Amino acid sequence: MNPAERSYRRLSRDMLAQRVAADIPEGWHVNLGIGLPTHVADHIAPGREVILQSENGILGFGRKPPEGKADPWIVNAGKENVTLVPGASLFDHADSFAMIRGGHLDLCILGAYEVAENGDVANWTTEHNDRVPAVGGAMDLAAGARRLWIMTSHTTRDGRPKLVRRCSYPLTALRAVKRIYTDLAVIDVTHVGFVAIDRVAGLSRDILQELTGAPLKFA
Amino acid sequence: MNPAERSYRRLSRDMLAQRVAADIPEGWHVNLGIGLPTHVADHIAPGREVILQSENGILGFGRKPPEGKADPWIVNAGKENVTLVPGASLFDHADSFAMIRGGHLDLCILGAYEVAENGDVANWTTEHNDRVPAVGGAMDLAAGARRLWIMTSHTTRDGRPKLVRRCSYPLTALRAVKRIYTDLAVIDVTHVGFVAIDRVAGLSRDILQELTGAPLKFA
Amino acid sequence: MIDKQVKSIDEALDGIPDGASVLVGGFGAVGQPNALMEGLAERGLKDLTVIANNAGFERHIGLGILITRGCIRKIICSFPRRSPAFADAYRDGKIELEVVPQGTLAERIRAAGAGIGAFYTPTAAGTQLGQGKETREIDGRTHVLEYALGADVALVEAWSADRWGNLTYRGSGRNFNPVMAMAARLTIVQAQHVVPLGRIEPDAVVTPGVYVDRIVHVPYGDPPLAVPEGAEGASA
Amino acid sequence: MIDKQVKSIDEALDGIPDGASVLVGGFGAVGQPNALMEGLAERGLKDLTVIANNAGFERHIGLGILITRGCIRKIICSFPRRSPAFADAYRDGKIELEVVPQGTLAERIRAAGAGIGAFYTPTAAGTQLGQGKETREIDGRTHVLEYALGADVALVEAWSADRWGNLTYRGSGRNFNPVMAMAARLTIVQAQHVVPLGRIEPDAVVTPGVYVDRIVHVPYGDPPLAVPEGAEGASA
């Protein structure tokens, strides 16, 4: 399809982050994976208390510091300098993953290469490129958080669907994903498969289904 | 034997504690069990850096506080008020037993009902009286410390030996004891059994053997 | 705005049913959530399973009251001595006892909080307390398999708390409190001081707020000065 | 008198043989014992097994130097990206890689320090990184058996240290350092500040001195400001 013919617009990175941020209830403790999910931190409305965890030992980090004001000793999981908010705490890696793996975080948001209709997620290595395999904390987060949301483009750069019947890449966790936020739609993963609960203006059900690799239901 | 006929004297509690304290090399990290071993803390020469651990989360406690100067928030494993020395640290029970069970303490000293010539020790319940069974940290300490010493009277109140061929009471740990300090002798537990390396003045080898429930060698 | 502080002990304990399992912090008289335990007794709960290091001390304080009033069906602990209330109830067959080595108890509780299903430890291998448990040789040493031990509720005593539930402890008052705070579906804190958010430095937080559900301000004061234990046998 | 401070990096590293296993603290550029790693490279050690979260970053700093000089036979880590030195060595088959989930890595190291032979975790169950490992159903969930992971040596970066080896860390500089300090036969600390005994408050000690063998004073200064990671896929 020629983009010029499209009747809808994909969400920008910031619009997507804003949408996700708005959907997180106040009071939740949330871990943001590196890449797209990281941007959610900068879109949580001031004064709205969503507590962000970083697996390198921070609970309660905030937005990026203003230019020139960064504390080099405070980095998040993506190794970016961040700020601490009042009420923040610092701890070591074993304590941090005890928090993650013990089911204490309300939510983790990760990027993904593929999500399957049964909630399987693949996000750590494709084995189809020459990048070194690297898992980081993704498997611990996916298995340990109370809820796993995925934030991703709806399709790959070459137009293939990332929401699929069954993952072809190595799995990060089985039956773990609860919801997917893409640049086109919000999709719940249920016992009957993918259920689209929202989509960008002007995007028809048929087009969204065409861009998705597994059957969609619509709420 | 009539005590009046004895040519030797049993060590008092304080003399025994003093002897044990003098044998601990400077720089060792040591846990003192409740009862007799606790008294060792008050006999470590001032300025001699032996670092005492208490399983309720203290590394670096010191002598009993002077009368009227106790901090009610600082107790040792025997629930006695103690002092903290400069260099002390405080931590929780999981971290404390990680320290104990991870093999980081040079020495633990426990009391005992029985010690066998193969190093087995029984110190937590006799099942021969009506006391409630209570193990505390004894099994963790006996299995986890690099060395286990026992401090005990050489015989029970009714004269039966506490050093035996084989323990009759429920075990605390198997093949764990390295050395026994009694009110009569210092005895190493070796691969050939009990070896007395010291005894109180005036006590013959024969009498010591008579008061011991397993064969003694003499160093 | 997140505010975990509640106005009364009764509100703090709201919803705990008969038959609940309850982790109780403290070692000796230090760090014991006595006001919360007395609140449980007031509510007349029954058939509780209590997991604690000791089985109480004085009859008229904390666990002693719960035992005396017959609220507790079973105690899982390491050192149930020096508790006249427990000794009576145990002798009369009115309370069950499971003795667990103190370090295994702490580690099993941490495991529940940390998402570890079970672990292998050399502690208790070959002893009565290891009997009937699976074992495995690791690095030439016999290890016993121990399972995570969590509970419905944790009762915790803290020195200071903020409205997010960040906690500090005083002196040897940490003991079991931080691991128990991690290991319950509902963690309730009796705090000597409630302080504004941000007052506790990030480095000084011992229990991060994520583990805490409810805080009640109880300026309970110092524990009593300790009376030493007499027994020569066991340790702690 | 106990004094664990040594005068030089060379003295701190004395006795580490070829083939040693080495735990290396740090996450990103924060909390990395770079001076100690560079000291190891200077000594020309061979066949090291390094256990760390990352596989270094810049070629001319810390692990990057050890890799470039061919000192390392194998790296066990969670996230070996953004290290040109590692990428080259891995592509050329000059270095082995074992990828471990970050939380499992931290917990395996803690287990080694805490005397836990092995433990069960749901992390990696059903994935490639769980393949070939024993599993067990616990509470209806598949758990993978993971063994303790200790080492001959731990290299740690601390903010302050006293002569007993008590340590504090700065900001997110704790990361893997405290658990690694527990898990080695020889723990060596690169400390930004050495302070008199008693200066660190008992409540503020993060790593108690019992875990530390040698301290060298290296006023290394702040880590560089961070450059964000780009990848959308994996986390950390």
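As written, the chain order gives the labels A, B, C and D, with residue 1 at the start of each chain.
By our rule, contacts are C-beta pairs under 8 Å (C-beta built on N, C-alpha and C of every residue); 3 or more make two chains touch, one makes a residue touch a chain.
All values reported here derive from a predicted model rather than from experimental measurement.
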- prompt: Of the other chains, whose C-alpha centre is the longest way from the centre of chain D?
  reply: B
Message: So the centre of each chain is just the mean of its C-alpha atoms; given that, what is the distance between chain A and chain D in Å?
response: 28
Message: Rounded to a whole Å, what is the gap between the Cα centroids of chain C and chain D?
response: 33
- prompt: With chain centres defined as C-alpha means, what is the inter-centre distance between chain A and chain C in Å?
  reply: 37
Task: Spell out, as numbers or ranges, the residues of chain D touching 2 or more other chains.
output: 107, 110, 114-116, 121-122, 203
- prompt: Out of chain B, which residues touch more than one other chain, so two or more?
  reply: 58, 90-91, 97-98, 100-101, 144
Message: Which label fits the chain touch graph of this model best, line, ring, star, complete or other?
response: other
Task: Kindly provide every pair of chains that touch.
output: A-C, A-D, B-C, B-D, C-D
Query: Quick one: in the complex, what on chain C touches chain B?
result: 27-30, 53, 55, 78-81, 86-87, 90-91, 97, 99-104, 106-107, 109-110, 121-129, 170-179, 206, 222-236
- prompt: Considering the complex alone, what residue numbers of chain A touch chain C?
  reply: 26-27, 29, 49, 51, 53, 58-60, 84, 86-91, 97-105, 144
Message: For the complex, give me every residue of chain D touching chain B.
response: 1-2, 110, 112-116, 162, 164, 166, 182, 197-198, 200, 202-203, 205, 208-211
Field: Parts of chain D lying in touch with chain C, wherever the complex brings them together
entry: 107, 111, 114-122, 136, 138-139, 141, 143, 147-148, 168, 203-204
- request: Quick one: which bits of chain A touch chain D in the complex? Just the residue numbers, please.
  value: 33-36, 38, 54-58, 70-75, 77-81, 90-94, 96-98, 100-101, 110-113, 123-126, 130-141, 143-144, 152, 170-174
